[in-house]
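Shared between the two complexes below is chain A, which has chain B as its partner in the first and chain C in the second.
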Partner chain A sequence: MDAFFNALNNFFLIGLPYIALFVFLIGSVWRYTSTRFKYSSLSSQFLEGRQLFWGSVPFHMGILFLFFGHLTAFLIPRGVLLWNNHPARLIVLEVTAFIFGIAVLAGLANLIYRRLTNPRVAVVTSRMDYAILSLLLLQVVTGLWVAYSFRWGSSWFASVLTPYLWSVFALQPDITAVSALPWVVKLHIVGAYLTVLLIPFSRLVHFLVVPLDYIWRPYQQVVWYWQRKEVRRSGTPWSLKRPLNN
Partner chain B sequence: MDVRAQISMVFHLDKCIGCHTCSIACKNIWTDRKGAEYMWWNNVETKPGTGYPTKWEDQDIYKGGWEKQNGSIELKGAGRKKGLLNIFHNPNLPVIDDYYEPFTYRYLDLIESPASDDQPTARPVSLITGKPIDIKMGPNWDDDLSGTPDYARKDPNMQGLSAAEQEAMFQLERMAFFYLPRICNHCLNPACVASCPSGAIYKRGEDGVVLINQQVCRAWRMCVTACPYKKSYYNWHTGKSEKCILCYPRLESGYAPACMHSCVGRIRYLGVILYDADRIEAAASSETESLVDSQLNMLLDPFDPQVIQAAKENGVPDSTIKAAQYSPTYKFVKKWGMALPLHPEFRTLPMLFYVPPLLPVMASLSNQDLEQGEKMDPIAKFWKDDWLYDTSTEGLWGTIDQARFPLKYMANLFSAGDEEKVKLVLKKLMAVRIHRRDVTVGDIPREKVQQALSEAGLDAETAEEVYQLTSLAKFDERFVIPPAHREQAIEMLEFTGDTKGSVGFGFKEKPQRGL
Partner chain C sequence: MIRNLALIAIWGLCFCHFTIAQSETAELFRLKCGICHTIGGGRLVGPDLSGVQDRRSEEWLLKFIKSSQSMVKSGDPDAVALFEEYNQTVMPDPMISDGEIRTILQYIRENSGTGAGAAAYESVLADAGPEDAELGRRLFDGRLAFANGGPSCIACHNGLSSTFFSEKSYAKDLAPTFAALGEQGVKAILENPPFPVMAEAFQGRPLKPEETRALMAFLRSAGAVSSNRAANTPGSGFLLYGMLGAATLLLLYSALWYNRKSRSVNHAIYKRQIKSFN
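Showing the complex of A and B:
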């Protein structure tokens, strides 16, 4: 029996992260270069706008906070532990994160309800959308469960999960500590890997192309199909290098 | 001076008969696809009316276009701050019901339904869900319904008209309407381009056509909000926005866009106008009263040697400069000053201009119908002399002032509320008619003809030119399309030496020796 659990742990905590990362990296490059017409957030607001507000906004706000929260704990675990040194600050962090988690849950529930009940939205819903929604629901439910039952997550994430994740990225996976965690936490970890795995094959790609360059690009854009000034100038040398707008 | 070329359009509204042939030509070529059924890149509206999508002109609802903020301009409902903050849910996005739910009919039921006592019917079904629906709206649902309370009275352009004027417009005897065909304006200061977070929308440098790169669009859907003319459409099936492409594949091969080519009333003109790109920002942010003037000031005289010189230095080909010199749109817009932009107050500097309709103004009765005339509203013009047209210029311009269509309404559409601008154009239209009546019938005193022409700022020669281009112009005069110079463009894309000797008839792969 132990051998069986060991095998499971090895597969889900060592094998799966590498599969997920590999597929994510290769898949994202393939998706971006080969299927750019299908690269879209596939907004359905045009077909239904009101219900979407109560789904999309809390969901995105919550998931953004939680994503950056996890990222911070992964990148600067020491900072999180220092912050948590003071009980009041720890409570503030945990409660805030929990509230955002509730926002994600509420938003996601609204989004799923909308997908299931609105006939127009149902038309533009693919099986992958249902897969992603179920996976995200699993993530937020297990996440809230873990946060509620196994306190205080922000502290033990920084001291247990961060070393594990670092070890995965360092190609020397060490799962001794993680294997001992409760199964709900493991489920949450596996769900995260599956989400990463599915990013290139779903509408989640939109999070890879967050339009931040909009902040600094000029408002107006003019594209010249061929540089007429260059063509007219007799001094322009022939070049085998193709111009960017080819 | 940064001289660029822009393909611009003029629609002569006096000639539009509202047949929707343009819309159908466009629909058949470009938008007869899943997700695009509801899109009408070209549509024709009855004015007064609410249009498509419903009340698109009311920017209190849709927040389209630019607005002035402390001396400069900012997008009203999109832009860096609002666009990115509202990216998860755009509060100002029109939804499909603001246009209409696309539908078809189950025609096969007419043939295949089993024999029964009742007539079989072809029920309408939604093209989105495929389920039977009750049709509530269509793209031209208010076609010809000028006097109706549901449509005409809800026209956003009624603002500024007194209650009495509005009432007068909708009396059955005085009721008048005209058609407003609309396509993308291919603006000089396009709000859609500015609003696109992923930078998918751009203006082509060579001819100014505004396009959406379908591979870069990510469905952030801000362009739909930002375009005050609601000419950027969201394809709900592909998750990409689409818009009028001015039939650029046709333009590049020397054909007029499909809507223009098919126009039955020959109301459409297309040609190049040279403009100074350095003045775009100043023009777009000028005071509301001077918007039209500053836009017209940007347009350059293609015969001016300095302009030609600057254009050449900027890489505008000689053929394009020549096309600009023959451009019918330059004549209507700049030379004669007879065409105005639609809703200049949106500050996008639209490059589709309209010759406002004179027709409702001209409608009147001569004293042959005295009995009918007495029943008419006193504001309606009634000619008491023997002339079919009142030939005194006083009476003439009086007709314009007391038009069945209040000038204010026209001004709200075409000149940001400036009645004088519309009045001048209408005077010119009237003067050309008086001139032609003088030429063909000769029953108007010469000095009155002269007076009419000079007060409208025309001379006989110009009036004749206007008449020629309005009434008799052939295809090549209405559409002066500059060559796209693909032969030179291809050299920018590939070195001819690369492919020399490697292709021939019938080969898709290089005709190389086999293994």
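Showing the complex of A and C:
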């Protein structure tokens, strides 16, 4: 039985991260070069907007906070430990993350409900969309579970998980401490690896091509190079001047 | 002559190898077992291992050392009795091979009755007062950082004295620790953590002797006042704060996007089409 659990730990904590990273890197490049125009998320805002707001906004705002929170603990664990050195600061960090986590769960539940119940949205939903939504739901539920039951995650992440993740990147994986963590933490880790693995094949690729320049680009200038009034006259034949945006 | 010299050299090499192997095993015992056990030095966190082979079979010992909790959970009567006798203190799995465990058992057999590891313990808390306990509390809570950069205890253990930190924590409630393990046991664990997660957290960042002493003083005082803490401490409301905060956040989003479109642009067209289709 011990050998079985050791094998599971070795596969999920050593093998899977390398498989996920390899597939993510190769798959992302391959998909970008082969199907560039599909390298994004198919928007459904045109089909339904009201429910989408209560799903997409809390989900994306929360996931951004949590993603960068995890990334900070991975990149500068010492800084997180220093921040957490005062109990008040530790509480502020943990409660804020927990609030965003609950908001993410609420948003995700809305998005799943919308996909399942709105017929217009259901038509443009692929199986991979359902797979990704299920995986994200697993991640959010286990994340909240860990945050609630095994306090305080921000500190022990920086002390225990960060060295493990660095050991993976240094190609010298050390799972001694991670193996001893509760199974729900390990499930959260495995869910993260699976998410990374599926990025190239799902709508998650949109985070690699976020149109950030939209924020600071100038307004679009539409330049018409034909006589608009002339074109719109019913007597003008299409063959003479076909409008390019119709 | 040359032959004799060669024989002496070979004999010397064998002897050196034996000595090195012995010292390696002693070091392995010290790292993996010596924190909680002695051979002839009396009880520490766990039982005195002197003559342990006379009390249990080799196979039983091998299984128990590999994973004591598996045996406790499987209901092995001897394992359960030991677990209960030692205040349900979990013996962490040592993560060593069967061969290494057998080597350690051989080392224990050879040193049983010789008094190895039976050094007399001198208390470091004899003159510790309330100010030491207060210093320990500040280290425990994180108000005072450990000199070598280790995480504060509150990262994984509940706070013992602070209401907000009294609920679920990753690791054990330390209130009964001092009474259960005694000064020597607590000191041994703080100086050389046998638990993999704690060992990783303090890897390369060991506690200083004065920090260990202050923490021990705090744990002793916390244990003394902990009996009414569990009964009287209200819940921290972590979940409640989270729910209220999330609700506020949703209201904030709604206010920030107050001019959002309530429906998709072609909603009326779609409805009309569906109506005519039906």
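Couple of notes before you dig in:
Definition applied: the second predicted complex is superposed on the first by the 212 of 246 C-alpha atoms of A that agree within 3 Å, B and C clash if a C-alpha of one lies under 4 Å from a C-alpha of the other, contacts with A are read in each partner's own complex, and residues count from 1 in each chain.
Following the convention adopted for this analysis, contacts are C-beta pairs under 8 Å (C-beta built on N, C-alpha and C of every residue); 3 or more make two chains touch, one makes a residue touch a chain.
All of these numbers come straight from a predicted model, not from anything done at the bench.
Of the two partner chains placed by superposition, A:T33 touches none, neither chain B nor chain C. In the superposition on chain A, A:V57 makes contact with both chain B and chain C. When the two structures are aligned on the shared chain, A:R217 is found in touch with chain B, with no touch to chain C. In the superposed model, A:W156 lies in contact with chain C only, and not with chain B.
In the overlay built on the shared chain, the residue A:S41 is in contact with chain B alone; chain C does not reach it. In the superposition on chain A, A:A106 makes contact with chain C only, not with chain B.
With both structures placed on the common chain, the touch criterion links A:Q172 to neither chain B nor chain C.
Within the superposed three-chain model, A:R120 lies in touch with chain B and with chain C [touch as defined at top]. Chain A uses residues 45-49, 53, 57, 61, 120 to touch chain B in one structure and chain C in the other. Taken in their complex, chain A has these residues touching chain B: 36-37, 39-49, 52-53, 56-57, 59-61, 119-120, 122-124, 206, 209, 211, 213-215, 217, 219-232, 238-240, 242-243, 246. Considering their complex, residues 1-2, 45-50, 53-54, 57-58, 61, 78, 81-82, 84-87, 90-91, 94-96, 98-103, 106, 120, 148-153, 155-156, 158-160, 163-164, 176-177, 179-182 of chain A touch chain C. By the touch rule above, chain B contacts chain A in their complex via residues 79-80, 83-84, 87-91, 93-96, 128-131, 189-190, 193-194, 196-199, 201-206, 214-221, 224, 234, 236-240, 280, 314-317, 488-489, 491-495, 498.
For chain C in complex with chain A, the residues that touch the partner chain are 66-67, 70, 92-93, 95, 141-143, 145, 149-152, 154-156, 158-159, 162, 164-165, 167-170, 195-197, 199-201, 203, 238-239, 241-243, 245-246, 249-250, 253, 257, 260-266, 270.
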